[in-house]
Amino acid sequence: MTQQPWFTVRARRVPVSFRVDKRVVPVLAIVLLATVILMTLNIGVGEYPIAPLDVLKTVFGLPTGNTDHSFIVNTLRLPRMLVAALVGLALGISGTIMQGITRNSLADPGIIGVSAGASFVAVTLIVVVKDVPSGVLPLAAFAGAALVALLIYMLAWRKGDSPIRLLLVGIGIASIAGALTTLMITFGDINDVQRALIWLTGSVYGRSWEELLPLLPWIAIFVPLALLLARDLNALNLGEDVANGLGSRVVMKRGVLLFAAVALAGSSVAAAGTIGFVGLIAPHLARRLVGPLHEGALPVAGMLGAFIVVASDLVGRTILAPIELPCGLITAVVGAPFFIALLIQSRNR
Amino acid sequence: MASTTLSVASSKLNASTARRTRPTAVLLLGLAVGVVLLVAVMMLSIAFGAADISVQAVLNAVFAFDENNTQHLIIQTLRIPRAAVAVMVGASLAVAGAIMQGLTRNPLADPGILGIETGAALGVVAAVAFLHIGSLSLYALFAFAGAALTAAAVYTLGSLGRGGPTPLKITMAGAALTALLSSFTTGLLILNQRTLEEVRFWLAGSVAGRDLDLLGQAAPYLVIGLIAAMALGRQITTLSLGDDIAKGLGQNTVWLKLLSAIVVVLLAGASVAVAGPIGFIGLVIPHAVRAFTGVDYRWVLPYSAITGAIFLLLADVAGRLVLRPTELPVGVMTALIGGPFFIWLVRWRVKR
Amino acid sequence: MLETQNLTLAYDKATIIAGLGLTIPMGKITALVGPNGCGKSTLLRGLARLLSPRGGSVLLDGHDIHRLPTRQLAKQLGILPQGPVAPEGLSVRELVAQGRYPHQSWFQQWQTDDETAVTTALEITGMAALADRPVDALSGGQRQRAWIAMTLAQQTSIILLDEPTTFLDLSHQIEVLQLLERLSRDEGRTIVMVVHDLNHATRHAQHVVALRDGNVFASGDPREVVTPRLLRDVFGVEADVLPDPRTGLPLCLPYGLHVS
């Protein structure tokens, strides 16, 4: 018998068994390590530079000889890093789900209008209501995302839904939401508009525990949910008919997966604005590294997403210091050529 | 397979509308009616606005201009240029969209959806931000550059991977590029508040506040583009049957595609330079027109031009009336009308 | 036993099949034939529960398949749609493993049975040597065999295939049809396939069902069903039907159009 490409785990007493592609564990470990390293570095960078070792000490509550460290790290920078990482995780997984459901590798939560809806609501709030209390913005943004998702599903569904229609209707809604957002931008007070635009671009600037805490439940619920449905995503990825034939309750599973993808995308937008391309690139990279089976691709894509956002934030903070470029801009600038290179490579295989 | 069903839908679209080939006499009559309608709507748009002006006064302003009459001044300096811009831009964008749909055999093609307008807009914003271009008149050049680069990028992106440039992949590539380029644009606007102030009205897509001078600068491109488009009508009809069929009929598809792309870039780029990015005209108008004319592009193109002009004029009037006396930029109006239409199109025309 | 009772299938406003009653014989290969638009693919989809009936029902061992739990049905009935596409980079082994879906659960994702089923499926289809190659790098015939291996791993007694040989090279067509014959003969599986080529149907199927305009025109042993009259009335074609020199089964040789 030829060598299997996966590890099999079978417990003896408890009826549990599963398999994991051999590539997944090392890749996951490496990316996790890299992300943690970057996070540590990123926390250390800034107006008050802190050595990486001191950063680690402060996080774990060990004394470093400088009482300021605790404040800077734990109150200012750590929550910001955690938001960046979790947003990246959410976007990576959301993008993987979308690409799996629609069987289209250009699908991304940003393209299908979910981010556009969230942005529109948020921008409207910022421009129309002065001094929006910061707890309200994430909720409103998520409501916008959910509304768009509902609209998309309702409009695209027509006696047997089609992933293509889902995508295209999403693009249509994104255009409408975009036009309405432009309306807000055109007529608002210029300072409000600039704040709104910054928010729109996607940034973790100034994100604190206030933005982190509301994000946690979404991550805690929907990331594990997505992982549990990995096998269904595999089935869906083979085509609706094949998935049906294999006994997957396609309509229900697809609905749940879509909901999870929207929830993750919406809560990310709520926390950090629209950070583009993460949901587009991370799945591609993940599939390239560990293959298209989602038991491995989902966690790896999530981890890669976290890495990308943290790295982009680090670059944004250091490249034009002391000016801080929003990480959403960096992901776009770096993401695009990277993505094109990926596509070109895959064509030549 | 996912990518082929979109093209099936469009060829079904072509097939069902082709059955209604109207006699030439009817089509010519239709054109004449269209022109008359256009003039009437132009009058309407000149008469309506924050200050209502009678049609008589409008005619006087044109034929018996009195320098000291404020109404005449408004008409000459504001309203007529505005109407002229709307006509030119509406016609150009509609024709550009029609050509794109025929070229790519994609019923969902439009310079807006495929990112070409966003690219043109980015070209302008970048020019303002980095080169401190003050006058709108230089916008055209950078709009062209942006439009051309984006068109090339969309086509390339959409051709990668299995199956070549299918309609779905090109639409997706367009959406991806739109997202990318608009985030660049937003980025530039954030970094430079002065740029933001200068361009944000323009960015919404508006025919207001454009003087005849600016239109004059862009007009040659638009006129050349429109004439070239009409001349290509028959060739595009052949191409819309399919690459292989067209080649079999002896057409030089490579040259035609290149030429058509240049025409689209001219029309879309110049339009964006004058009026900012206005979306959905190129999407909606050709569909409405094809329902009447069938799929012969010798007719689709001129009809699109006239209908597009009328549509944009009406959208502009609507934008002036809806929230009087505030004016909604016409780009928002077209999106509010065109967006739902696009979704309707997808819902009812795209099968599995 | 798989049968339909008064089955009506429709898409939106177009009724494709109305009041159709059909019994699929177990343990044999059944070929569904007919001109384009006669409803053979629709019928197959109806049998596979991919399409909900507008009226009537499809019964498996007396139970309405639409009332059966999805997973249970998937253990008894498998379908291979037309022209399936595998995700990029998926290996043959990984694809075949997907066939175990109905036998798995959240806790039991990879039992020994699953492994055995995959290995067996690979061996029967002759794909064991190619198991780690990506599906999209295979030839047409190999790819089709890989997909068939997936349905084999599902371990269903009934397999439905929609045009399994269309677009394949001649040699690949024979490859696939001979595999199907082996499955039916050696494993006793019931196979229902939609085929375009009537001669494939006569050579490899034991039961032929000819459809026209959504109705069963004739069904039964190919020697009885495939006649010049069938070709005339169902396909609109004038043909000679001769006994195949090798098998004695009907060989269709169309020579002209039927002018009515």
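Read from first to last, the chains carry the letters A, B and C; within each, the first residue is number 1.
Everything below uses one rule, namely that a residue touches a chain if its C-beta (ideal position, glycine included) is under 8 Å from a C-beta of that chain, and two chains touch if they have at least 3 such contacts.
Just so it is clear, the model here is predicted, and its values are computed rather than measured.
A.B. asks: Kindly indicate the chain pair that has more C-beta pairs in contact than all others.
C.D. replies: Top-ranked chain pair by contact count is A-B.
A.B. asks: Measuring between Cα centroids, what's the chain most distant from chain C?
C.D. replies: B
A.B. asks: So how far apart, in whole Å, are chain A and chain B when each is placed at the average of its C-alpha atoms?
C.D. replies: 35
A.B. asks: Per the centroid of Cα atoms for each chain, what is the distance between chain B and chain C, given in Å?
C.D. replies: Averaging C-alpha atoms per chain gives centres 49 Å apart.
A.B. asks: Distance-wise, how many Å sit between the C-alpha centres of chain A and chain C, to the nearest whole number?
C.D. replies: Taking the average C-alpha coordinate of chain A and of chain C, the gap between them is 42 Å.
A.B. asks: Taking each residue of chain A in turn, which ones touch at least two of the other chains?
C.D. replies: 103, 346
A.B. asks: Considering chain B alone, which of its residues make contact with at least two other chains?
C.D. replies: 2
A.B. asks: List, in ascending order, every residue of chain C touching at least 2 other chains.
C.D. replies: Within chain C, the residues that touch at least two other chains are 85.
A.B. asks: Under the definition above, what is the set of chain C residues touching chain A in their complex?
C.D. replies: Counting only chain C, the residues touching chain A are 12, 45, 48-50, 70-75, 77-81, 84-91, 93-95, 98-99, 101-102, 104, 106-112, 115, 119, 128, 131-132, 151, 154.
A.B. asks: In the complex of these two chains, what residues of chain A are touching chain C?
C.D. replies: Contacts found on chain A: 1-2, 4-5, 8-10, 15-19, 103, 159, 228, 231, 234-235, 237-239, 241-242, 244-249, 287-288, 291-293, 346.
A.B. asks: Considering the complex alone, what residue numbers of chain B touch chain A?
C.D. replies: Touching chain A: residues 2, 5-6, 108, 112-113, 157, 160-161, 168-169, 171-173, 175-176, 179-180, 182-184, 186-187, 189-190, 193, 196-197, 200-201, 203-205, 279-280, 326, 328-329, 331-332, 335-336, 338-340, 342-343, 346-347, 350-352 of chain B.
A.B. asks: Which residues, counting only chain A, touch chain B once they are in their complex?
C.D. replies: Interface residues on chain A, with respect to chain B: 103-108, 110-111, 155-156, 158, 160, 162-165, 167-169, 171-176, 178-180, 182-183, 185-187, 190, 193-194, 197-198, 200-202, 274, 276-277, 280, 325-326, 328-329, 332-333, 335-336, 340, 343-344, 346-347.
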